[in-house]
Amino acid sequence: MPMSDCVAYYPGCSLEGLAVEYDVSTRAVCRALGLTLVELNDWNCCGSSPASLHEPMLSAALAGRNLLLAQENHLNTVMTPCPGCLKALKGAIKIRDSHPEALAQALGRPLSEQVHAVSVLQLLYEKVGPEALSRAVRRGFDGLPVVPYYGCLLTRPQAVARFDDPENPVSMDRLLEAVGCTVPDFPFKTECCGATSGITRSDIVSRLSGRILDMAQRSGARAIVVACPLCQQNLDLRQAQAEKAMGTRFGIPVFYLTQVIGWALGLPQKDLGLEKLIVPGDGLLPAREPPEPSES
Amino acid sequence: MTDRSSLRILGFLCNWCSYGGADTAGVCRFRQPALLRIIRIPCTGRMDPMFVVKALVQGADGVLVSGCHPKDCHYGVGNFYARRRLETVGRFLSFIGMDPRRFRYTWVSASEGQRWQQVVTEFSALIEELGPNPGIGSSAPASHSRQFLSG
Amino acid sequence: MKNGQNVLRIQEHHDCAFVRRVEQQSHQKVSQCYQCGNCTASCAFTDDYDFPVNQIMRLIQLGRKETVLGSRAIWLCGQCQACTVRCPCTIDVARVMGTLRVLALENGYVADKNLRRFADEFLRSVSLFGRVFEAGLLAAYKLRSGTVLSDMELAPELLKKGKLSFVPHRIGGRREVAALVKRFSSAL
Amino acid sequence: MRIGVFVCRCGTNIAGTVDTQAVAAGALASPDVVYATELLYTCSEPGQQEIQNAVLTHRLQGVVVAACSPRMHELTFRRAVEKAGLNRYLLEMANIREHVSWIGQDKAANTEKALELVRMAVAKVRRNEPLFGSQVPLTKRVMVIGGGVAGIQAALDCADAGLDVVLVEREPTIGGKMAKLDKTFPTIDCSSCILGPKMVDVAQKENITLHAATEVESLSGTIGNFTVTLRKKAVYVDWDACTGCGLCMEKCPSKKNPDGFNEGLGAAPAIRIPFPQAIPKKAHIDRSACRYFSTGKCRVCQKICPVGAVRFDMEDRQVVEHVGAIIVATGYDLFDPAAYGEYGAGRYPDVITAMQFERILSASGPYGGHIRRPSDGREPRDIVFVACVGSRDKSVNRPYCSGVCCMVIAKQAILARDHLPEARCYVFYMDIRAPGKNYDEFVRRAVEEYGVQYIRGRVGKIYPKGERLVVQGADTLLGARVEVDADLVVLATGVEPSRGARELAEKLHISADTNGFFMEGHPKLKPVETNTAGIYLAGACQGPKDIPASVAQGSAAAAKVLALFARDSIATDPQTAHVMEKVCIGCGKCLSVCPFGAIQWKTLRDGTKKAQVLETVCQGCGLCNATCPPKAVQLNHFTDDQILAQLETLCA
């Protein structure tokens, strides 16, 4: 594959730790679908929300350094699975477009106008698409009802995200349908899960995530599918806290989108990090072994 | 003219859209720089490109032509002809050594007072920045252009 | 109004410079807000706010610097963008809230010390390693904030699942990153 | 030439930021100016008198009035100088109000600018010629485009005065939006009871020709003599034969099609009469729903029709009408709430629009006038109304107030309480706009007598929870987020220009404002005129309007047409092009660019061909003038000489 068809991969710090399964499943799925990821060498933290407490250039510079790494590798598309990192990268790109000299001064080098950032969801939706994905399925989900939870940042604000609908996004719905899931109406697709409040105010996360888990349960979903490490932690790791706060029991597994797609593609469990989920989801996965790929 | 201390922009505005837009801006009291002097014409289709050239050659510091948005022409097609003709003016201005930025062609409808304010403010700022019109042959040399004009 | 201030002398408490500062730094025109309340209607965090977002916007319009920068609300905002997406006046409300935090820090108001501590520890971790070292960051934060016991029930699960790495990853360019943090932050 | 200059103070409108006295004094230095003065209000009776006196006393041959925009008062001053014996085209105006005093505060700069504009006007008037229009006969027929209440009113008023009226309606029936309404505010009288008789009148008046299911294709000509080409759409039923018996509707096997008249609630057969009171009461076939058109089989209606009116081979057909004036009354459409993903309209069947609720309320509506939920047919107990859906919202590109929704909601809440006394009604609003006669009292009645709960705040999200909906909004008076559980949510969707309005504006050469509503001639003084002479506006096509205002405008537009037709001929505008034959080289370029075909060949005795302008056809755009290589074609009142004189005055 020529270098121009490759995609720069920026995992972000969470994917080295609490969301390691998102990292392995993203790599595995992209490989299986013929997308070549080139991990940025020596990437650094994007600054996340703590950087936003300081002048705007801090966030832009930290994120911008990673974009520069991509540029130096002659890669124009930077993919990150983490919406928080995506927000930081897009923030840097916005400053590149409005104040190119200031950013170049901060980074020591100018950042090319060609470099842009996408989420893994956008990459899968636009580069592969539901049709091609459904053709690649080897272990369909046979109508398993799941709800996609997009979170706050993947499609919002629209002017920055420039992807899907800010209020009722459907890209993940389409990909999940393509692997055989049924997707009931889920009105809380973009309602906030509590974001980073968990660190200082876990009660807020319990309440907000509890609301989302409750709505998922009411809609008849057996699992929630996410595309954000923070959402996954709040819904999965802190599910017990939410259950305690609401005096109920959910027991809803929270998969990463890449885990669900990976399983449907017939990838082995170890490539998807499914054992890392706090609320186990193994019971929901179609057990049937993938048939031998037929020649056609 | 008695005193050429300040800069002058000559405007050619079609009666139906832009002249009304400039009126709307006035009615709404949208402040604008005082450089512009407007000549009302029925349609930008009436614009002879030589009006632009003559104005600049004779010392106007800028020329602004404004008509109806494409497809909104009161006469149907006048502004299409204007666009085609006036697009060549910029090139001709460079040819005679006149800074083509001193000429602008735009569309403003009768309801777009705010847009008119913006157009006048921006163009006036540009003319302020360019300063007084130094006359032909000042920006890019084109030795035969004077002959062309006088001939 | 809350805080027992039932009479407000409009002129006396109007800080024009503050209004200008908020507008400049956020690139938003606060006077566009016509108080429809959609930000509050859409706010996931409003339960814990002392002032709902629409009142924060109103207080900015009135130039009530102290009340705004001293409010708890600006620290609880989760930046979920719901207010921004739905604002009929196309104001980026979340950005205004973010700007208020920066101004509060600048002016010495900190309503939520823990959040500040976490942010400091986070950037310290970034400066040291180039990336965030989650285990170290959480330990340092919990220690400094004195909230060691909260969230304790999560630790065994994380350990069992191998989700906390105890070896920080140091990147080659960490000095470069530390220099950026130093240059553009007032904190460290 | 002896020229007089009159500088208007316009109270303080001009004199506040322009030294009018200095302008008058400075004007005296211009060539040929023999008299200059300032006046307090030049357009007033004494002001005009002053001009006329000066013309006589100083034997003026040209007049310059430096005042407001010529678009405002040029006609006033033309008439004034004419009364003093001057040709009206020997008047020029310098616009020192809209273009000077109102847009700048610097008095010195303004004064200098005003003086220069006066000098340019003087230079122009020195080269002006007396011009005379010719008289052409008027076609005393009027076309009304749009058969809603505004168009109906205009058509009836014109017809009552004895005019021939051509009423053009895009839909298969007239009646417009009002025909869909159940009751009207603030009187709660039945909409079809007050509109119905007017619709019948339209059908019965012998001097009204109704073209339903017809659209305007193109327009040519000018005031007094327009030619309009119409396209009558194929309805697949011969309306001359159809008796409106409705047998075809009963027998049509394709019954479950979305019913446009009922806003998609309920079903309609493929062949149908839109509603029982439709005018004309004729059937038409919805081609997309008809089995014959999709499968080539069926023809049940054709077999059953007692008069054999069904014609599957019908095609669109053109009709040409000649009229002297046109009234545009194309009304409005309603905002599509699907733009608000957070409200779920379209996804949740019990989130409906106010127009859908209107159909639900109507006794002739899909549920026979019983309030039920579209999802399960249950009677709702809690009904939430949401105001400003697609109004006052820049994020969906609708920054303006729709004007009527506050009243519509109050009416619907009152009616809901009348129909279902047990029901509770909630209204989310931002501001209540009820400035009409008895309007605010009506809203108060909703609150005080009918117990409708008004909540001051916008709605952020609507989502289903079990069988019900949760409406999540704000109460800004409390400073709280609030939630209301609802069985039915009614979105008061905003008013927007009728679909196709922009295309129609292009065809008619009238303009539209930034929101797409047609532009009136003047925001205050010419509310039903357009800038194109002979074309008038009525109703919501000009901006959101309620029924009383639309009816008033319908009558006002009719009055304008009647005033126009009160004379037998009309003076043509002499600002046309003319050809200087000696200069014309016969290249024919002017013939090819003229948008109106107003230039033709003329063969001289010696056989040479020259261009010739047909003065009654020429519209005065000047395209030929700019095109003509030797400048043989000149546009009267805007000749090269006249324009260059202004240019040279400024640049010299």
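Think of it as A, B, C and D in the order they're written, each chain with its own count starting at 1.
As a working rule, a residue touches a chain if its C-beta (ideal position, glycine included) is under 8 Å from a C-beta of that chain, and two chains touch if they have at least 3 such contacts.
Nothing here was measured: the structure is a model prediction, and the numbers come from that model.
Set against one another, B-D and A-D show the most C-beta pairs in contact at B-D.
Rounded to whole angstrom, the centroid-to-centroid distance between subunit B and subunit D, based on C-alpha atoms, equals 31 Å. Centre-to-centre separation between subunit A and subunit D, using Cα means, comes to 50 Å. Mean C-alpha positions place subunit B and subunit C at a centre distance of 50 Å.
Counting partner chains per residue, subunit B shows two or more touched chains at no residue at all.
The residues of subunit C that reach two or more other chains are 47, 82, listed in rising order. Residues of subunit D in contact with at least two other chains: 342, 461.
Contacts between chains, counted with the stated touch criterion, involve the pairs A-C, A-D, B-D, C-D.
Remark: subunit C residues 44-45, 47-48, 76, 78-82, 84-85, 92, 94, 98, 101-102, 105, 112, 114-116, 118-120, 122-123, 125-126, 130-132, 134-135, 141, 145, 150-151, 153-154, 157-158, 161-165, 169, 171-174, 176-177, 180-181, 183-187 touch subunit A in the complex.
Taken in their complex, subunit D has these residues touching subunit A: 340-342, 344, 347, 461, 463-466. Within the complex formed with subunit D, the residues of subunit A that make contact are 165-168, 185, 187-188, 215, 218. Those residues of subunit A lying in contact with subunit C across their complex are 13-14, 16-18, 20, 42-45, 47-55, 57-58, 61-62, 65, 106, 152-153, 156-158, 166-167, 190-192, 194-202, 204, 207-208, 237-238, 240-241, 275-276, 278. Those residues of subunit C that touch subunit D in the complex are listed here as 34-43, 46-47, 51-52, 54-55, 82, 86-90.
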